[in-house]
Structure formats: structure tokens, C-alpha cells
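Two complexes come next, and they have one chain in common, subunit A, joined by subunit B in the first and subunit C in the second.
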Partner chain A sequence: MTMLAARLRSCFVVLVLVAGSVIPAAAEQKAGQADITDFTLANGMQVVVIPDRRAPIVTHMVWYKVGSADEPPGKSGIAHFFEHLMFKATKTYPEGAFDKAIAAIGGSNNAFTSYDYTAFYETVPPAALGEMMAFEADRMRNLILDDKTIVTERDVILEERRARVDNDPGSLLEEEVDATLWQNQPYRIPVIGWKQEIEKLDRADALTFYDHYYRPNNAILVVAGDVDAETVRALAEKSYGKLERGPDLPPRIRPVEPEQNSRRTVTLTDARVGEPSFSTQWVVPSYHTAKPGEAEALDLLSEILGGGPRSRLYQELVVRKKIATSAGASFQGNMLDDTNFAVYAEPRDGNSVADVEAAANAEVARIATGGVTEEELDRAKDRFIRSTVFARDRQDAMANMYGATLATGGTIEDITGWPDRIAKVTADQIKTAAARYLVPDRSVTGYLLPKTQVAN
Partner chain B sequence: MTMLAARLRSCFVVLVLVAGSVIPAAAEQKAGQADITDFTLANGMQVVVIPDRRAPIVTHMVWYKVGSADEPPGKSGIAHFFEHLMFKATKTYPEGAFDKAIAAIGGSNNAFTSYDYTAFYETVPPAALGEMMAFEADRMRNLILDDKTIVTERDVILEERRARVDNDPGSLLEEEVDATLWQNQPYRIPVIGWKQEIEKLDRADALTFYDHYYRPNNAILVVAGDVDAETVRALAEKSYGKLERGPDLPPRIRPVEPEQNSRRTVTLTDARVGEPSFSTQWVVPSYHTAKPGEAEALDLLSEILGGGPRSRLYQELVVRKKIATSAGASFQGNMLDDTNFAVYAEPRDGNSVADVEAAANAEVARIATGGVTEEELDRAKDRFIRSTVFARDRQDAMANMYGATLATGGTIEDITGWPDRIAKVTADQIKTAAARYLVPDRSVTGYLLPKTQVAN
Partner chain C sequence: MEAAPKPFHARLVLGVATLFLSAFFLILPALSARAAVAIQEVKSDKGVTAWLVEDYTVPIVAVRFAFDGGSTQDPPGKEGLANLMTGLFDEGAGDLDSDAFQTSLDDAGAEMSFNETRDAVYGSMRMLAERKDKAFDLLRLAVQHPRFDKAPIDRIRAQIVAGIVSGERDPDTVAARKWAEAIYGGHPYSRSGQGTKESVASLTAEDLHALHKALFARGGLHVAVVGAIDAATLKRKLDEVFGDLPAEPALQAVPDAELKLGQRLEVNYDRPQTSLQLAWPGVPRDAPEFYAAALMNEILGGGTFTSRLFKEVRDKRGLAYSISSGLMNSEHSSSLVIGTATRSDRAAETLAVIRDVVKGMAGQGPTEEELAAAKAYTVGAYAINNLDSSASIASTLVELQIEGLGIDYMQRRAGYIDAVTLDEVKAVARKLLSVDPAVMVVGPPLPDGSKG
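Showing the complex of A and B:
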């Protein structure tokens, strides 16, 4: 959830990060939004079909509405565990059969886990779609979760954690910033899980989790590519349609944040750190928890403040003052619960973190008190729209956008109506959002420092 | 769990704070430790009898092995809710009948909730012991938990939270320091509960909690005073003994802390703050989680570093440097899970928090690198022993010590053997504990500042 966290998360949600920048794809699609078809199988499995005829290829994704934030207390890592376990043997196929079948037809596949969902996908020629569904439907219910599999894969995950987190000061800091920013919400817990809890995950935990969440009525099928909705429906009925509906799951109501009243800092000093950096974060509403227009305003605020080289932070800190080598802002809107807004920068040689942080804070304060110009706002909206041209070219990005939105409480109408809602955001709404949420006395700043440098 | 938290906690656990300083009572009792009797009723209720013949009075306490750290996610405050609900009408008695009966015989009563337990007690003439047990046994199973009672009392608790926490910057800071110090353990959540979660507690939550935890096999009866064990046993059999054993409860295994790797600060700036202050905290083992001798060393470390006017912190900051009006340290050893060690001070007029903090840090570093002298250690052990003379005079403190120890995973032998274990602690063990646990790069410092002052 931190800016610095991007590195860790990229392991799990690489496509989702792309999706973050491609929501506007829907803008271009709007005229053709009737092209998007969605329906639900009798067993409750939701299906979305996104036609894309430019190349003989399809992206087939299954999204489970369960992520790390849904884990029981003390069982962190169990959601991500399944990202691994789903590649093991089933009652029908030996381990590796699915991968081999994909490789044989020149396809590709992978999976990722986030706070709110776990997804599995394959990119293959359209003729292989039925085969993909058969494999995917099979592993939804037929995994062999024996002790040997669990223990072996648990060691793999512990090694993954060691390599990606424990050996990387930046990732360690991200974890501690998240644990500080979130006083109550489960986003405080790392997606990969705490080491001491991963170590204790066992077969009973896996069976309970699998039985609970890996069910057609907790899954979303997204198919994008050179295929029509009726073909998808027929194939889905033959594979997923055969699976029995699971017990109804309760609404995904999780502990929420209390009102926050303090300014917090988290400092990790480590000899392995080369260049110092910082990131300041705030709790803000997501598209799912915001009042109407608020999340759209936060999206544009992040764009104006720190969305690339034309942004205020970059222009002021990197171009004009020349005190930073990078500077930016981010807003992770597609989350089920409240999310984070981050501002970050890396000092240029010879400049202190404190100076760069002060300059970044000044930009935040300037936007919270002075607002933005109409011209800036128009340009930001424009950049969002232009990015859709790029996004439309990416079938997997489109599939991701729909999957991530539906898995975090959104609807297809939320996606198709999004460009209109962005267009309606006023300069005043952006100033209000900055003033309301980017309050220094309710912020968390993480400092990643070389062993020789002092924070303040 | 913070030093600053003492004010809030005192509302709930006033006697327990006393108990912290009276553990050595057992030292004096040692010769007569055969006086302490403990047995278990057939329904699983544990009973401890502590004779104290000096006055015609008895302290009758029932401890439930459930506290705020046992609450389900999103239901914070439900344990403390029962501290209130237990004074409501039962199927047998109208609301207030128990209080009136106590008042009529000139007794007193109260209750408190902590992270690991909830306790109810009465101090009365010995002749009333049977009546107290009848009332107490009745409300263990016969509370009327209707919607009206829940809603009314919930409002009372919300008002209590407003008055004690939300209107008190110090208490607000404590909550945010706790939420920062504990990255995973449930001690991060306030005993009184988060406002947004208290607001949603309902009758179903109360019924589930009551049925689960308010059972004889989850309770400890402690009777101290002018009474013998056989009388207590006979009375207990007639009252508590009639209650049916509840289903076995699972072991109290809660999420534990990950390894911490960062230095954190939490700053609350508020116009209502008069004098600035700070407190630095670390996660350390409790008597229940420590390796042999470690918690005893932490107890003596806290005494030498900051236990009163003869301590290093007081002598250096208040007496010699004259930069602080108060300074001290605390270690909360009687906890089921890992606990906190705190160092705190308040600057004298004209001195900055930063200067005082630096001086306190220097004392911590000095003990971690240079250790303590044999003379200091002997004096600290001596002070612990002498405090028992005072403690023995307090029947309620004795009862508390036994209740709190048994409710946090300890045994009667842990109490009776404690003075011997303290006597064996070496200077080297104290240095090792300081060096191992009081590491600046794994600390959390809370700053409470007037609106005009800046932290760093």
C-alpha cells in the first residue's frame, strides 16, 4: 500500500498496477460499451466478455473475491499461499499438466494476489479457450491439499519472503509503514504474510480456506479477445457451469480505520540502502468507499500533484529546484476499503531528505490552500483520456480493469461511466479533497536511509 | 500499553497497576505459602484462597480469562461492554439489587477490563461471602441481554469513550502509539474499543460473547481475607458449583509480533496540551512469553533505570541536569503475550523535548553498553522486597496479584517462586536485556505537544 511497496506488490499484482493507469480505457470504449457482455451462470459465477478482434488471441482470467485482507487473524499469507497451491496436482491432472498444455500451444499464464482478490490468467489462441476453462474449473474444486504439498510449498513461500522482503530494506520499510498507516484495517498486514504466521500455516488452514472461497459463486470469469459472448457462454456452461454452487458467503465487511489524530514517522536505516528516499501517506477513500466524485477528485489530484513529468512535484522538485532525482504521487483507487494516497521523492546528491520532504510538503499545502487552475485540471483530464489509447492496445489491461473493479465492489457501469464522472470533477473538488485528506497531522512518512545518514 | 496510557487504563485496571508493584508480596508470604490454597470445582472453575486474618473483611473476586485482546476482528469493545452489562438485570434480580445488597452491609465493589482479563470484585464482611457468591454466580449465566439494555449501555460506553479518550489528547496519543507499537498483536486495539466498532456492537455480539466466555471453566475465583479454605470451598460449591461447565475453550493463541525493523514516532499536537512530554517504548517479552530469567531482568532493569527517585533516569534528568520535572521507566510484566517497556519524561520549563529525550536515550544506551553495578542491583532487589511490606497490608493487592497472574498464563508457583528468581538475576542479565530489547532502531516514541511547539 506504500509507494515503496510498489516493488513488493509488483510481484503479486503486476497487471493490476497497469490497470490503475488504464481505467480510462472505458472512455474510448464508451461508444462500443454494448460490446461488453456480462452474465451469471446458474451456480453464481459472474462472467464478463470483452471482444477484441485485432489478433487471434484471448485472455482468460478467473478472479476470486478473496485476498489477504480476508484472512482470519493469525493466518496471514494463506490467500497468497493459494496463488502457489493452485499450480499443484489435482484429482484430475498431475502437477505441471496445465502449464505444459499452455506451453505446447505457445500461450502464457500466471497468477497474482492482492489485498482484495486472487486471480489466475492465461493468454492463448481462441481455440484453446475451452481447454483453459476445463483446467481452471478443475483446480477450483479438485486440488489435492495433502501435507507434503503444503509443507513443500510453504518452504518455497518462506524462501520467496526471505528473498523479496527480508533481504530488501525497502520492502521491510514498506511493511512497517503499512503496519503504521493502518491502525485497524487489515491492509496493515502484508499480502505475502508475516513470516511467523506463514511458518504455521497447515493443511487444515488450507482446506478451510479452499472450501470457503474457491467456489464458482465467489469467482468472476473475465474473457477478453477474439471470441464472442455466446461462444464464451457455451464453453463456460460446459466447464464452470458443472461446478456446484458453494454456501453463500457473508458480505465482505472488515474492520475499518478509526479517526486518526497523529503525525507518524517510520525510519529504516540500513547499510544496504544506497540512496535515501521518503514517502508520505494518508488514508483516503477508495472508489468503493468514497462519496460520489471524491475518488475521481483524488485520481485527478494525484495526477496534477505527481502524475509524471508534467506534475507539480516533478516540475518543482526535479526540474526547477533540482533537489530531487524523482518525485511523484499515487492513489490506489481500486480497493474494497479505504486506501492510501502517497507523495514521494528521492533527493539528488547533496540534498537532504528533510529539504526535499519540506519542498514536497509545500506543494501539498499549496494545492490544499490554493487549489488547481482550470488549465491544469483540463490537462490532467486530457492525460487520463490519452492514456486510454495506449491501454486499449492491451487486452490483458482491459481484462484486469474489469476484474479488479468487479472484485472490489464495483460494477461494469462504474467502469463505463467513469470517464463522464472524471470529466465532471471541478477544481474546487480537488482543492477540497487535498485540504480534507492530505493533512500533515494525520500523515505517515517512511524514511529509507543509508546507515550513515540521520533522518531529521 | 503506553506509559501515557496509564491514565486511561486506570479506569479499567486500577488495581492491576497496584499489583504490578506488589508481586514481591509473595516474598514475605513465602514462609507461609502453604496458607494459600487452590483447588478446582467439578465444573472447571479455579479457586484460590488467601487467608488474611488482620481484619474482619474479605475480598471476593471473579476473574474471567477474556479481555480485549480476545475479541473477534471488528468487535473491539465487547469485552469492556461486559464490564458494564454485568451490572444489569438478571433473570433472578432486577438491576441494582447486587449493588444495594453490598451497600446495605457497608461493602464496596467494582470491576475492570484489561487486554487479557475481565474481573469483578466485592469487599465485604466475611458473613456476606455466601451472598456475594450467589449474586456473582447468578450473573455469570443469567444476564438479560435484550436490545434495550444493549442500546442503552452502548450509549453510556460511547459517552465514556468521548469523555475519557476523545476529549483527552493524552489518551488519543496513547491509542495511536499502541496502534503503532504493535504491528500485529491485538494489544494494538484499545481496551475500550474503537468508536466506530463500539457503535455497531449489538445483542447478537453480546450473546455470542457471553455464551462463549462467561462460564465457570473460564473463571477464577480469588478470595482473600478473614476466611478459611474449607468455608470458601463449601460456599463455592453451593453457588458456583451449581453452574454447568461450558464447552472447552481453545488455547488462547493470538497473532504475535513480527520482527520489527524501524524506529517510529507518533506526534500529537493539540491546543489543549499544557506541558509537552514523550514516551519511548519497545516490545519486550512478558513473564508468560520470556525465556527463564528474562522478565525478572526486565523488572529489575525498569527499577534501576526508572523506578522512582533513586533511579538513573530520575537522578540524571531531574536531580543532576535539572532538565525534567519527571522521568521514569515501566515494564508491564503480567501479560499473556509480549508486552511493552517504556521510558518517559517531561521537560522542565525552557528545556526542549528533544534535549530531554536525548538525555533519556543516553541513559538507556549507558545501561545497554555499560551495564549496572552490583550495588545498584542489590539496592533494586532490596527495594522490590521492601515494597512487599506495604503490599502485604493490602488484601485487594494480594488478591489482584493472584488473579492477574493466573489469568495471564501463570501459576501459583510462579508467584511463590518469584522472589527467588529475582534474587538470582545477575548484573550481566540486566545488561543483556537492555542491549537486546531497548534498541533505538526498534523503538516507538510518542510526543504530546502543545499547539505551538514543534517536535524535532
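Showing the complex of A and C:
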């Protein structure tokens, strides 16, 4: 698992791994365990408190229910660009004052943007929680943006795009695969944005985006760590609670996929690629769009088919047939709209990509027609359930899980009830999910090839 | 439910330098005076010592250990041996072949991983407290009786070779190899821990058994355990897992490295972004000016968004997404390294800005205000950076043992930092940063005028 990822240097495969189920880490919070509290401020801001009193550390996060998939046409990258601009001067504080205050107490901070959300966080000693909230509440409404700041930070983003995408053939292919898999859904556009659109983003775009989305009624506060719910409530009322509620935002209804009826392939040949690899993707429902039990079945399917060295793909392709150096599967369940399911492998010792792909497809077909065994299912469930115990060891992981779930249309009950729902999945549901969704004629396969090799 | 898909962070504090050098990063020690971690020293009947933090909040146990002697112990021509070995501990041990071992590990609800650095071989395990007996027993087998069967050797070897082949085409990986050779010359640190295609092809089960026997001994062992286990139980487990290992390892002596600075390396590729890496002398962990150097580095380009390099290169000029400096401490070398990646058409300008910031630090040093802020950060950040989960506490405790800092180090640390004076920081800045650095440029050739 970790061992495998550490050993494989192919950018493509590693990226797929990162994008996939890093760990199906839902948190189990049965009676008597850490008490999760949630409430809503008068201005509509949701609050979740996850106590963890083991160390004098608290993780403070604000999640905005806006991501790259909410961007207006032609403005790709604005969500991520705006996230960067949140670190600039406000009416109250000069640029850098927040960073300085965090550094002065040994804290750490950052922010991230994804398709469905944008989040800002600080990890600090508990005594600083009120100060963090004051800064975070301030920049939700009081940012000042001048043209010089916009232009300089836009250069930083373009540099970030070069570092993450242009310098990495695996990332370049991933962009092209996404743009092919999604024929209509906004997930077809990269989170960081297309270069030519980033270059044109300006102050007006940023201000429009800010006014629209950075409002308490579009935000979720998640606090995990050495603090109790009543303290969080009192501090939040004094800071975030003072902010005026913004206009109601319309429901997040985006373009959805038409029926897909073709098998597509995307090939990138690049001199920087050492070993060939491929990844096949399908459109599948997410936890938010699935019928009851279907996303849980897809999650377990991904684990049994390709979740680490005990999986069918690894055992068949890597261990038994010895035709691949790596093989696996991933399911990205925490998305607001339909999501993707991927199967990937890297050939070993000159085996052709076509042969390895055929062997991987055969494993997919074997589950779609023959299903999985009860033993495989029980083991996969056990791994998922124990991951919820291990997850409780990391307060930042817990905070991320609650934030990401709530920002993609889920509820706290969705998280606390996850182990029970996983336990109920039957072998038949997994077979049905594979047969229904992992259809070769409705897929996209990406090939990452060295300059000398061509796809079959 | 899963973590988010590939989010984009606002800032990447550790940039290109970490790609090259993360394995050599010293865990910069720092600690909040408030972080009350109660560490017990547990000594087993057979003389195995571990540091234990008992905590029953979450029903898990995290184990971390290290054996002295990492990839520097690979015999000449057998580069990559320690790396291959660390891929095989969960691939069969005792009576269990690879399949049986991994099935048992899965039954035990435990996760096991090994890795090596230049100076040590590390093992980690996390387990559910209720199934710890079975998990510890598998760890005992892995540590004492690894099988090194042919099929798993060949499989893991193929994965490593695939990684080497990929690296040969990747500009930054190629550059990192050239950099290590240029900086370390004939020292073992210049060799690739991963090995070469040829060296990895030559590795045998006998080589693996010989290295295992040489390294896995009680004398070079450091252990930390965190979680739901008491001292009496741990004592028994320590003897089961480690008690029957040889008393002392058989390590090849490794000399201290003399860094070859004052040189310039261009690795030319036509690409839109250029990586820059610069190295100056560092300070050994046990040198009197270590804390002064750590504070100076923090101000120059350390772990916050307030450093001089971050402000000048990124905030003011938008020249890079990531820019940072770090003290790189290994057992036999120390250096101060700055790394960034910048648009190729302005790489010369970025390099000039970096040189200018460094010159300012070497000449005038930091201000009182900067030093006070760096001290506050360094004291406060320890708990947050090093003690935020059972696994990270265990990892931190093993590093403290390796560095010989003592079980009460966390209580003393803030005092060492507070005692550093402005003059000491200025002196160490002048001493380190006045030296002509090694500079590496990975990208299109820079214009001639910028060769300075």
C-alpha cells in the first residue's frame, strides 16, 4: 500500500493513486466516543466541533461551498486564484499580518481549492482560536484588492500551473483525460484553470466571485482538537456571528452528463516518460448522487478490485501473471456531482500496454459477471471499518472529512452512519455496480507513453 | 469517505528542494512548553529499551523503530540493497510465504511499512489495540526471520527498476543524481539509495540476508511506542520482537563528508520552468551554533509564509510558487539549501534576487524583531509539527534517540532557543552564507551575463 506507492515513480500512476481513495476514512463515532457537535449561527454559517483533547493543538477550518466547478464559463481558475488572494490585505490588516500572527505562536496555515469547495485552515494552540476566528471572519468580507496585487499573484498562479502541470507529463495527460471523460459536467475543466483563461483573470472577476460566494451562509466552520463545543460557540458568535448574512445562493445545480455511448482513448507521448502506463475511467455516481447503498458498493468494489496488494488487480497482474509492476483502482466518492472510477496499471519487463490492459479488463469483467466472494467482501469491510479507527488519530484528517462531506451535500449522519451502511453491502450489490457502470463501451482510457513507443 | 481529489494549495512551503532532499531533512526540533507528553523509558529483560507514551483515547498502538546503518551500508556495486530489503519485510517471514504473511497481517488489522535513509533503516506499524498480540507476532517474524523469497524479490525489484527507468527521463530526478555526485564526490552519500539498473539486477537473497544480519541488532536499535499499551506489556513485546537479535551490528564505518561547494551545475532541458538549487555549508546537530543557524534559516526561508525569500521572490515579484530554505542534516554532513522553481525566461532574475537576499543576511544578519518572531515560531511549532498524531509522536521520539538529545529534551528545548543572541545569529549567517555556494540550474541555459 504505502510501500507500493513509495516505490513507484511513474507520475501517472502516483497521480491516480493520489486522486483515488487514499483511505476510505470515514469516522466512526459511536455512543461514548468523541462527541461531534454541530449547530448553525443566526447568519446561516454551519459549525462542526470535533473534540480531541490529547494534545494542546486545535485545527480551525473554514470551508466555502464553492469550487472550480462553480466558475462562470471562460473564467476557469478563478476559484483557485481567489483562494490565493484571500492572503492579501484587508480593510483591517495589512498583507501578511495574519501569517505573522500565526507564525508568532508557532502555528501553521494554508488553504486549498477543489472542484466543489475551497477551504482555509490554521493549526494553532487552543488559546489562539479566538484570534484565528477574528482574522478569518475579517477576510471573509473585508479584503482589499488592488491591480498590482492581482497581477503579481496571477504570475504566481501561472508558475504554479507550470510546476504542477506543464512540468509533469502525467498531469498533462490527466487534464486531457478529464476533458474527454466529462462531456458536459464542469469537472472537465482543471481546478487550476486553463492557461489562457488564467492570464485574463482580473480584479473585477475576483470581486464578483468574492461578493457572491464568500458569505457566512455559504461557509462551514470546522474546529477539531483541544476545545469544547461551548467555547467554539461563544468565540464563533463573537467573530463570524457579527457578519451579515448574504443573499441566498441558488441551489448548486450544474450541467450533468448526457448518456455516454462511446469508448474513447487519449494518448500522450512524451520524452520525459520512462515507463508506459494506462488508466481507464468511467462516470459513476458519487455519495451525493447515488441511490442508497450504491456508492458504498462502488467504494468496496474499488477496494476489492484494486485497493492495495491484496486486491484482485495486484494479485493477478503483478503477483500471478507478472505482467505489471503496479495495478490498482480508485473511486472518488466525496463529490457533489457524478464522479469517476478508475483502473490503472503499468506493464512490467516489456509487456505491452495492450496485454496488461486486456488483463485488467478481464478482472473487471470477472467481477461484473461472477461477483466477489464473501471472504473478499468481509476483508474489505474490515479494512474500511478499521480505517475509521485509525482516522481518529489525526485531528486534521477528521476535520477534512467532515468539511469535505458537508461541502459536497452530505450530512454528519452520513459520516457517522457510514460503517453501518458499509456493513450492509452485499456481494450481489457489488456485482451489480460493476456490471452497470464499468462498461468498456462507455469508458475513457488514457495512455502515457515514452517517446519511442506507440499505443496499440 | 475519501479525502478530496488533488486540491491546490495556496502555497507550497517546501518546494523543489524537498523533492531532492526531503530524505535528508532533519526534523527541526522545537517544542511548546505546554506540550506535556509523558514519556516513559521501558527496558525489557533482554535489555531492549523503548520510549513509551501511554494513551488510551484511541484504541490503537503506533510503533516506530530504527536500526543504525542505511543505504551507506550497501556494498560497492550493490547500491539499492537496503532499499530492496525494506520492500520485502511484509513479503514473507518465518513459516509464512508472501501470501500467507499478508493475509495474516490483514487479519491482524495492522499496517506495516519499512523504509531506509542514508543513515538508518526504519520500520513502522500501526495496529488495533484489540488485535495487538497477533500484530506484534508478525512484526517479530518480519524483524527476525524475513524470508527474502525469489518471487517477491523479483517482483519488488521490477518495481524499483521501473522507477529507475522513469527517473532517467525525468529532468529533476536526473538533476538530483548529478547534484549528489557533484556535491559529495567519492563519499557514500553520492551514491543512489535506489541503486542503478545494473546494481539492482545483481542483488541476491544472500546479499539481503547478509545486510539484514549486519544491521538488525539490539545495539543500533531505537524504539518508540505510542498508544493503548502499558509498560509491562510492552516490555514483553520488546523481548519478543527484538530480544533475540544479535547484540551489536556490524557496520561499515562512514567518514564525514566534505561538501564540494563553489561550483555550478547546469542540467539543460528545454522547458518553461527552471529549477534552481543552491547549497551552502550547514551546521552539525551537536555544534554549539546549531540553534542560531536554525533560527537564521527560519528567517531566511523557513517554514512560515513570512520568510525573507518568500517575501522577495514570491510576494513582491511573483517569480515562483514555492521558495524555501532548509538545514539538511545527516549523520555525516550538513548543509543549508535553497530551492525554487521559476519561469525559465526570468530564471536569471530569480537567481539574482536569491543571491541578493542571501548577501543581505550574510552581511547584516536579521533584525531583533525578526529574531524574536523566529524564536516564538520555533518554540511554538514543535508540538504542531511533531506531536500531532500517535505516528508522528513515535517518529519524533525515535529521532530524539538517534540524535542523542535525551528523554527530557522537550523540557529543555525552549531554553536553548531563547538563549540565542542576535550576535550569535549574525555570526553564523556570516560564517555560512559568505561561502561561495554550489548552484544548480535545471532548465534552458541561462544567459551568459548571469553566470556570477
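In the analysis below, the second predicted complex is superposed on the first by the 425 of 456 C-alpha atoms of A that agree within 3 Å, B and C clash if a C-alpha of one lies under 4 Å from a C-alpha of the other, contacts with A are read in each partner's own complex, and residues count from 1 in each chain.
Convention: a residue touches a chain if its C-beta (ideal position, glycine included) is under 8 Å from a C-beta of that chain, and two chains touch if they have at least 3 such contacts.
Just so you know, these numbers come straight off a predicted model, no measurement behind them.
Let me test your reading of the model: by the given contact rule, A:Pro51 touches which partner, first (subunit B), second (subunit C), both or neither?
A:Pro51: touches no partner chain.
State whether A:Trp418 touches subunit B only (first), subunit C only (second), both chains, or neither.
The answer is second: A:Trp418 touches subunit C but not subunit B.
After lining up the shared chain so the two structures overlap, which partner does A:Ala104 touch, if you call subunit B first and subunit C second: first, second, both or neither?
second
With the two structures laid over each other on chain A, which partner does A:Gly293 touch: subunit B (first), subunit C (second), both, or neither?
A:Gly293: touches no partner chain.
Quick one: classify A:Arg264 as touching subunit B (first), subunit C (second), both or neither.
The answer is first: A:Arg264 touches subunit B but not subunit C.
Between subunit B and subunit C, which makes contact with more of the residues in subunit A?
Touched residues of subunit A are more numerous for C.
Going by the contact rule set out above, which residues of subunit A touch subunit C in the complex?
So the residues of subunit A in touch with subunit C come to 1-4, 6-11, 15, 18-26, 52-57, 80, 83-84, 86-87, 95-96, 99-100, 102-115, 117, 119, 123-125, 151-160, 162-164, 166-167, 191-192, 271-275, 287, 299, 309-310, 318-319, 322, 325-326, 331-335, 346, 348-349, 379, 382-383, 386, 389-390, 392-397, 400-401, 404-405, 410, 414-415, 418, 450.
Which bits of subunit B are touching subunit A when the two form their complex?
73-74, 76, 172-173, 175-176, 179-180, 183-184, 186, 188-189, 194-197, 253-256, 258-269, 441, 456
Mind listing the subunit C positions that touch subunit A in their complex?
Listed in rising order, the residues are 1-11, 30, 32, 34-37, 55, 57-60, 62, 87, 90, 98-99, 102-103, 106, 109, 111, 113-115, 126, 128, 151, 154-156, 158-160, 162-173, 271-273, 303-306, 311, 314-322, 341-343, 373, 376-385, 387-391.
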